[in-house]
Amino acid sequence: MIKKEWMTVVSQQNIAKNIYELTLQGELVQEMNEPGRFVHLKVSGQTMPLLRRPISIANIDQTNSRFTMIYRAEGEGTKLLAEKKAGDQVDVLGPLGHGFPVNEAQTGETAILVGGGIGVPPLYELSQRLNEKGVKTIHVLGFQSADVAFYEAKFAELGETYVATVDGSLGTKGFVTDAIREFNLQGDILYSCGPVVMLRALEELQLTKKGFISLEERMGCGIGACFACVCHTQNDPTGTEYRKVCSDGPVFPMGEVAL
Amino acid sequence: MIKKEWMTVVSQQNIAKNIYELTLQGELVQEMNEPGRFVHLKVSGQTMPLLRRPISIANIDQTNSRFTMIYRAEGEGTKLLAEKKAGDQVDVLGPLGHGFPVNEAQTGETAILVGGGIGVPPLYELSQRLNEKGVKTIHVLGFQSADVAFYEAKFAELGETYVATVDGSLGTKGFVTDAIREFNLQGDILYSCGPVVMLRALEELQLTKKGFISLEERMGCGIGACFACVCHTQNDPTGTEYRKVCSDGPVFPMGEVAL
Amino acid sequence: MSRLETKLPGLTLKNPIMPASGCFGFGREFSQLYDLDVLGAIMIKATTEEPRYGNPTPRVAETPAGMLNAIGLQNPGLEKVMERELPWLSQYNVPIIANVAGSQVEDYVEVARTISGSPHVQALELNISCPNVKTGGIAFGTVPETAKHLTKKVKEVSEVPVYVKLSPNVSNIVEMAKAVEDGGADGLTMINTLLGMRIDLKTGKPILANRTGGLSGPAIKPVAIRMIYEVSQQTNLPIIGMGGISTVEDIIEFYLAGADAVAIGTANFSNPYICPELIKELDEYLSANQIDHISELTGRSWSKDGKRTYYCS
Amino acid sequence: MSRLETKLPGLTLKNPIMPASGCFGFGREFSQLYDLDVLGAIMIKATTEEPRYGNPTPRVAETPAGMLNAIGLQNPGLEKVMERELPWLSQYNVPIIANVAGSQVEDYVEVARTISGSPHVQALELNISCPNVKTGGIAFGTVPETAKHLTKKVKEVSEVPVYVKLSPNVSNIVEMAKAVEDGGADGLTMINTLLGMRIDLKTGKPILANRTGGLSGPAIKPVAIRMIYEVSQQTNLPIIGMGGISTVEDIIEFYLAGADAVAIGTANFSNPYICPELIKELDEYLSANQIDHISELTGRSWSKDGKRTYYCS
């Protein structure tokens, strides 16, 4: 069930250039049952910034009623969020949307998890769940450069991990698709989150039979009521078919929505 | 000289219902040379609240580069100000305006200081300076009720002090003018700050030959540039004469401006 | 009698607080968060004759104390609204105000005729002010004669009272209000969004794919208050006020200006529980301030006795 | 050549940043805070033929991310401005733009004739958009023909280029811009304030004694950007943009929309050092982003090559 709660900051850490890892505690964590869903944060009790910010759930710890997000402090809202300290409160609405279906991968199969930039975080909870189920995970993480890269070691603990950076300062020089080609990575199922150009390139690659991708879109309500975040479906002759990223997604089966 | 400085909160204390005493530290204090002047505060580094808030200087401690304000937390801005804790920074513009002329009182004379509500604070620094100069001070402080009264003891240390409350919960029941009549207070010079109705009543009372009153008005710039805070002068046949409360005032000789 | 119960043409409201059109869909999503029965009414998303996909994304952008939207009237079309949304919503005991849009007079008339015939619809809200569609929209909302004509045509076919939603993007709001009053409108809703734009510094292009969009939220509240203040003194129509409401103090301000009920738009996004919260707080506010009935406040800023036209007796 | 130097009709500016009219008086107060020589220009407070006291107080109120003002054109009158203010200001090496106001055409013409004859005035800003005076003002700013006629009359007598200041309280801003262009305007300044209001909950009455006032500050920025975006594509006049600017990013946004220079109003109140700070930061921003000249950005949101009409060569 969707809930709104003032959750308490357990810790906030700067883990790469402008990248923060934020752990919150509260009852709402008990509703978090799927990797790839997101929360909608009001970063200030004041009028501004007005809108909530959608941030993916990166790690769920139900035993301690904690969850972790990883985000880039860039605009007004995320910069304010980065100022929160342990003990501060944050207004959280969630969990929202539909996440990555773990059940689509069978025990013994290999899943390729491809993340780009701040699309990497939701794959962390996903990878843990796949591994728990006995699914082998291969991780391909793409970043601009080494200074904004994060969680490579954490992913490496869960399975083979490849990194690509645009400037070549870490791992393969180029994009995630370059790393996939370089190491000839193969698997049964693909899970991905990152910029649209990356998702499009992956779709063209046709690496696996099955795949699930997570989209980003600017949001109003975050719950499906305002039509801010829609996208077209593929193969829609009428042009009026749509999916809402916030409530139908953010995760969609590859091939379902137009990129 | 007017300066803008991020000053540091030394202490913040709730001294009566919704009434706070805030002490700040910084170089700007060295510019504070007169009682009755004010500072213009930006209570948040964010866009909102947009405008600065004018608050009187209640006590100046140049040795320690500190000054104190007393204010009522009522609206958006002052409520935010009340949340500041020791060590926090506040954006201060000041000192602004013209204050109470201490030199108008001669050594050995008696000054009557009449304050109403949050008009009381600037009289505290004034009274100290008058006493230093050998002027005897009588204080008449008016409040709504006992729970919002403050600084009676501090004023009592400087001279005779009378309190009036509208509901009679402390001192004389009624207004400051009632207390003045009840105790038949007399003096050579009057200094006053408070609501316009009070100032008007005092003007009618003609208690002393000389008097100085401090006005309040909603402000834009606080430095005399925007014409937000003007008032008419008395005996102005053209109707175009004016004074700016922020830069010509807030203190005016009694009889100069129309109340 | 409750302090909040309010009677307006076609509408008997438990309380005068309702979600504004376009910020609440057709109620399905919010029904997962709270019981819609608590609401005074629901203004559903604009309905057009044919289904519309609307504008490309991005469709929203944030601004100082406000937001821009250019949804472009996305909706499933008249038929699906009649068959699916209205019957579903009718399970709740809450009046439905149907927001009607179109590109030409005939579209409006067609939608109004059909949707006003639904047993689930208590009133129409004529959206003559949507800034986010290429054709129609704007002229209906800015030219008095055009607005009057449209109102008349819709009134001829509507089986329920018609509220006309005014655009703030005009030189003279009173003129517009009087024109639709002449056209036979039963009430006004105001204001719709102000036309605005934001540019992305990284790309150098407008953030919204549609380039311009409608500005809503607290930023526009002073404009809404001013317009309601002016219009309420110059027409006899009841006014459902909106534009930046997010606190109970805002609601009181709208009433003092001249509103007879209020709608909450953008604030549903920052706090999806805002409507039930405000309903509760408004009741408490009136009680704490010894106000017997909310309608006593209507128009108090310009009339000693308030307006009191739409008192709930 | 500096990245910031800007040439506009009648004006050679060290940089394109200037205080907006009414937010800077005649410069005296701010001259105590910093050296006015750093400014691109100064737009002085509106001048009318006779001295005006303006409206009763309160004259300002705060709103979400904005403020309302109803000063009512208080000024010492033409004679004193000519004799006292202009000669005083001329000690600084900074162009003066004189904001001209009136109640009828003759007033404007008279002020324009005299003040444009001052050796200290480089351009006029025709204030046809002040929302805070009872007579005149509004019609000049909202009726295209009236605006055009006024512009023509003023142009006939003015010895310096005439910029017309547009009101945002209109249905069609492009129409207004074209009308004053037809009337012979040399440039546009936009936008003036949006008409708004706030009510005091304690008294139930409007906070401003004048009841309504002009809304300025960040809240109105999206409206300003939209209007400049529209107008810059449809006229050939240079535009001095204003409305809610408080950061260097805001300035860039105004340029991308189509501005050729910018003015800072309300932000002078929250931070009296804002103009010199922005001048410095703008230079740094251009340097950091390898932009050779600020004018390259003008109109970039709608034209690949930018507008570049008023390049400083």
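Letters A, B, C and D name the chains as they come in the text, with residue numbers starting at 1 for each one.
By definition in this document, contacts are C-beta pairs under 8 Å (C-beta built on N, C-alpha and C of every residue); 3 or more make two chains touch, one makes a residue touch a chain.
No experiment lies behind these values; they were computed from the predicted model shown.
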Discussion item. Using C-alpha centres only, name the chain that sits farthest from chain D.
Written reply: A
Worksheet item: If you tally the C-beta contacts for A-D and for A-C, which one comes out higher?
Response: A-C
Worksheet item: Taking each chain's centre as the mean of its CA atoms, how far is chain A from chain C in angstrom?
Response: 36
Worksheet item: Per the centroid of Cα atoms for each chain, what is the distance between chain A and chain D, given in Å?
Response: 46
Worksheet, complete the sentence: Taking each chain's mean CA coordinate, chain A and chain B are separated, in whole Å, by 56
Discussion item. Can you pull out the residues of chain D that are in contact with at least two other chains?
Written reply: 63-66, 217-218
Worksheet entry | Sequence positions of chain A contacting 2 or more other chains | 47-48
Practice prompt. Can you check the complex and tell me which residues of chain A touch chain D?
Written response: 47-48
Discussion item. List the residues on chain B that touch chain D in their complex, please.
Written reply: 1-2, 4, 42, 47-52, 76, 93, 217-232, 238-240, 242, 247
Worksheet item: Tell me, which parts of chain D touch chain C in their complex?
Response: 63-66, 68, 142-143, 169-172, 194-199, 201, 204-206, 211-212, 215, 217-223, 225-226, 229, 244, 249, 252-253, 256-257, 297, 300-301
Item to complete: Note which residues of chain D are touching chain A in the complex, please.
Response: 64-65
Worksheet item: Which chain D residues qualify as touching chain B in the complex?
Response: 22-25, 28-30, 32-33, 45, 51-54, 57-67, 69, 71, 74, 207, 217-218, 246, 266, 268-273
